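In the two assemblies presented below, chain A is common to both, partnered first by chain B and then by chain C.
Here is the complex of A and B:
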């Protein structure tokens, strides 16, 4: 078991309120990713679970037990720090062994566990080396092994891949997903990278300025965002959001657009445009399309048939259109009713110029 | 046509220029080093082979007889060696342990500590002669001695701090530890501040007790600074002179006679013993060299450099 519940949690640094009235449930056994821009309070939240930065008020529960003020060592959690926080004076083995020794685990058990863990992360041949003789990726594995060897109920990871090069990052991503499949324990993973969040998470928690904006599966977050912030944060390039009328705005994803020479039948929003910029990325091509009124939108296509300066028609269907109110909150069909939603679609359709 | 020889001459010329410039730049330092370090050192070795005084240092050649005399005939030298060793050992242990404790205590972010940091450092800014005078007064057995006044006030008997062999050396040690602890604490403190806090948080998560964190993390992380302290305190203590000269002048009896006061006495106060004093100086030099080599050989492997 490893369910974590935040109940009415607040955190201030001096007079600076970083987290206010936060409620969150992290389900047992999920790979939950906390994602948000830098400085939004992700690390602060993670440190509360670890017990190294206690909440100012409110409660943190683990499996129903109040752990708000429990010592870090007594919680059944292990953390991988952003800069790894490896003990520099200890060898790899001593680093991994330290927590077990402090818990007075017998030597045979320690040795067995260390051997298993190091075999699985590929550190076996470096056990007697000092961390400063190892590469960034290998240090990352030490931090991981140090967490794994404790066999905790909850793994906490604070941007563990952000110091690695792009190729290694992708590789480690896969390994972490695999690790979670094997261990089936709760993972709480912090990142500012939406791609990481989408690719690894069972459950994504999107934060901004100390508040939780939305929690859900990657599919929910991608297809059904709560507001413009999430809509534009998840997905690359970001969702196009344009003014609809005096109050509202509407949006559509760059990859949901059909770019054609002629208007497509059944499309709701059809605009004439000129390709301004073309970025050919191999498997896909990104276009910047400018409308006659000066607005530009991004488009992502799998085929690479247009060139800069080409005149095209941009088509978006009903199901690809999202509507937001003046505060950026999503207007959902279920909330406003079919009639009002149809009116919104009508307004969007009315902007077509083909 | 490409000319190999010309090319090589050009390279050589450039290298020579480089070489000449480098040495020209360190020349002033080297001149001073030679003038005030190497030359006196050679002179010391030379003097140690003769019998004489300051006015006529090379009266008669004695070979290594001076060195033999130091350890067989001279009544004061071996005791002075022992006193120096005692002084150094106690100062070393006290200074290193206390400065680490002070630093750990002072590095916590409290209001009081800003004051305490400057307070503990201020003795370092006072000339050691002045410190020695102040402490002689505090230790004095006369009516104005501070410590005895306090003892008397709470109904205890006076102690003849600097006037009896059993306490004199320890009083000098107390004063020197007091004077230097601020400086060494400062060094340790800056090293403590450089240890990333995440390491301690990781240790908290690893259920390490504060004591275990201190011995398993803090001390190893401080090892470069501790090694530096070891070398500087050892060599500094072996050369202790001014505080002892002011506070006890080697007495009572010869109970606080150390190597440097011994050398001073034999070089400038006694007659015709400049050679013997120089031999003592050579012995001091050899001891320091030996200790430093042993330190580097034995301990440097254990020091953790980033």
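Here is the complex of A and C:
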């Protein structure tokens, strides 16, 4: 078991209130990713679970037990720090063994666990080396092994891949997903990278300025965002958001557009445009399309059909359109009713110029 | 094909160019090397002078112009010390006890103090650290009278304690070690706490090993200054039985005729600094390694 519950949690540094009235449940056994811009309070939340930066007020529960002020060493958690926090004067083995020794785990058990874990992360041949003789990727594995060997209920990871090069990052991403499948324990993973969040998470928690904006599966977050911030944070390039009328705005994803020479039948929002910029990325091509009124939007296509200066028609269907109110909050069909939603679609359609 | 092929030098020319480059580099470095050499001579010469004088005869040691090395190499200065009826082993034992006890005491006080100043918050931390720095700057010459009176009141004057207790708090050591502790990233300590380590274990297993170079520096300075201390035992002791080796060496100078026998005195000094040199020789590899060590950033 490893369920974490935050109840009315608040955190201040001096007079600076970083987190306010936060409620959050991290379900047992999920790979939960906390994602948000730098400085939004992700690390602060993680440190509360670890017990190394306790909440100012409110409660943190683990499996129903209040752990708000429990010592870090007495919680069943392990943490991988952003800069790994490896003990530089200890060998790889000593690094991994330190936590077990402090918990007085017998030598045979320690040796067996270390052997298993190091085999699974590929450190076996480096056990007697000092960390400063190893590469960044290998140090990252030490940090991981050190967490795994403790067999905790909850794994905490604070941007563990951000110091690795792009290729290794993608590889480690897959390994972490695999690790979670094997261990089936709770992972709480912090990142500012929406791609990491989307690719790894069972459950995404999107934060901004110490508040939780939305919690859901990657599919929910992508297809049904709560507001413009999330809509534009998840997905790359970001969702196009344009003014609809005096009050509201509407949006559509760059990859949800049909770019054609002629208007497509049945499309709601159809605009004439000119290709301004083309970025050919291999499997896909990004376009900046400018409308006659000067607005530009991003478009992502799988085929590489157009060149800069080409005249095109941009088509978006009913199901690809999102509506937001003046505060950026999503206007959902279920909330406003069919009639009002139809009116919004009508307004968007009315802006077509083909 | 290269468009600039007429610009490319032949093998012969390339060799000549690299020779010229090496020469230019040598000339550029020369002034700096000369300065370094001068500094080395400045530091090493007094030492060399002590050693060479220790092996000269009395006549040669006062000769003008002085000889750079002993023309007649002699060990008689050392045998002269042996014959002088000075109980060197006793003085040596006192020096060892004073130095070792002081250093142990310093470690016991310095490590927790540095830890508290570097990694803990408590009321009046800034003021208290200021007091430590102040202690670091006040010379012994200002405090010895009141300390002497204190020791007299405590009836400790006939013991070694007056030479140990006043040096128990090593302000320089606290300062250095605190700096070194401060450099240790908080995450490493937090990680250790998550690994169920106690604060004592964190200090012993993580912070001290990471501060090895500071520790060695502090211990070396401490050792040299206590071992070579002359002023303090001079003003604190009246009884030969509690005096250290430095005081014995002083006697070598006094017990000649009217003239100071520099050659014997220098032989005594060689005996005095020999332990320092021996320790340095055995530890020098470790010391250099400790300084070359740099942790993971």
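Note that in this section the second predicted complex is superposed on the first by the 354 of 354 C-alpha atoms of A that agree within 3 Å, B and C clash if a C-alpha of one lies under 4 Å from a C-alpha of the other, contacts with A are read in each partner's own complex, and residues count from 1 in each chain.
The rule is short, and it goes like this: a residue touches a chain if its C-beta (ideal position, glycine included) is under 8 Å from a C-beta of that chain, and two chains touch if they have at least 3 such contacts.
This one's a predicted model, so the numbers in the text were calculated from it and none came from an experiment.
K.L.:
When the two structures are laid over each other on chain A, do chain B and chain C clash or fit?
P.N.:
By the criteria stated at the top, chain C and chain B clash after superposition.
K.L.:
Quick one: is A:190 in contact with chain B, with chain C, with both, or with neither? Answer first, second, both or neither.
P.N.:
Once the two structures are laid over each other on A, A:190 reaches no partner at all.
K.L.:
According to the stated criteria, A:139 is in contact with first (chain B), second (chain C), both, or neither; which is it?
P.N.:
It touches chain C, and chain B stays clear.
K.L.:
Output check: A:49 vs chain B and chain C. Expected answer is one of first, second, both, neither. What do you get?
P.N.:
Touch status of A:49: no partner.
K.L.:
Please work out whether A:89 is in contact with chain B alone, chain C alone, both, or neither, and reply first, second, both or neither.
P.N.:
A:89 contacts both chain B and chain C.
K.L.:
Check the residue A:103 against both partner chains and state whether it touches chain B (first), chain C (second), both, or neither.
P.N.:
both
K.L.:
Looking at A:81 after the superposition, I want to know if it touches chain B, chain C, both of them or none. Which is it: first, second, both, neither?
P.N.:
It touches chain B and chain C both.
K.L.:
Applying the touch criterion given at the start, work out whether A:131 contacts chain B, chain C, both or neither, answering first, second, both or neither.
P.N.:
Second partner only.
K.L.:
Once chain A of both complexes is superposed, is A:213 in touch with chain B (first), chain C (second), both, or neither?
P.N.:
So A:213 meets neither chain B nor chain C here.
K.L.:
Kindly list the residues of chain A that each of chain B and chain C touches, one partner per complex.
P.N.:
50-52, 71-74, 77-79, 81, 83, 85-90, 98-99, 102-103, 132, 146, 150
K.L.:
Note which residues of chain B are touching chain A in the complex, please.
P.N.:
Going through chain B, the ones touching chain A are 196, 198-199, 201-209, 212, 216-217, 220-221, 223, 304, 306.
K.L.:
Inside the complex, what are the residues of chain A that reach chain C?
P.N.:
50-52, 71-75, 77-79, 81-90, 98-99, 102-103, 131-132, 139, 146, 150
K.L.:
Spell out the part of chain C that touches chain A in their complex, as residue ranges.
P.N.:
Against chain A, chain C makes touches at 185, 187-188, 190-198, 201, 205-206, 209-210, 212, 294-297.
K.L.:
Report the residues of chain A in contact with chain B in the complex, numbered from low to high.
P.N.:
47, 50-52, 71-74, 77-79, 81, 83, 85-90, 98-99, 102-103, 132, 146, 150
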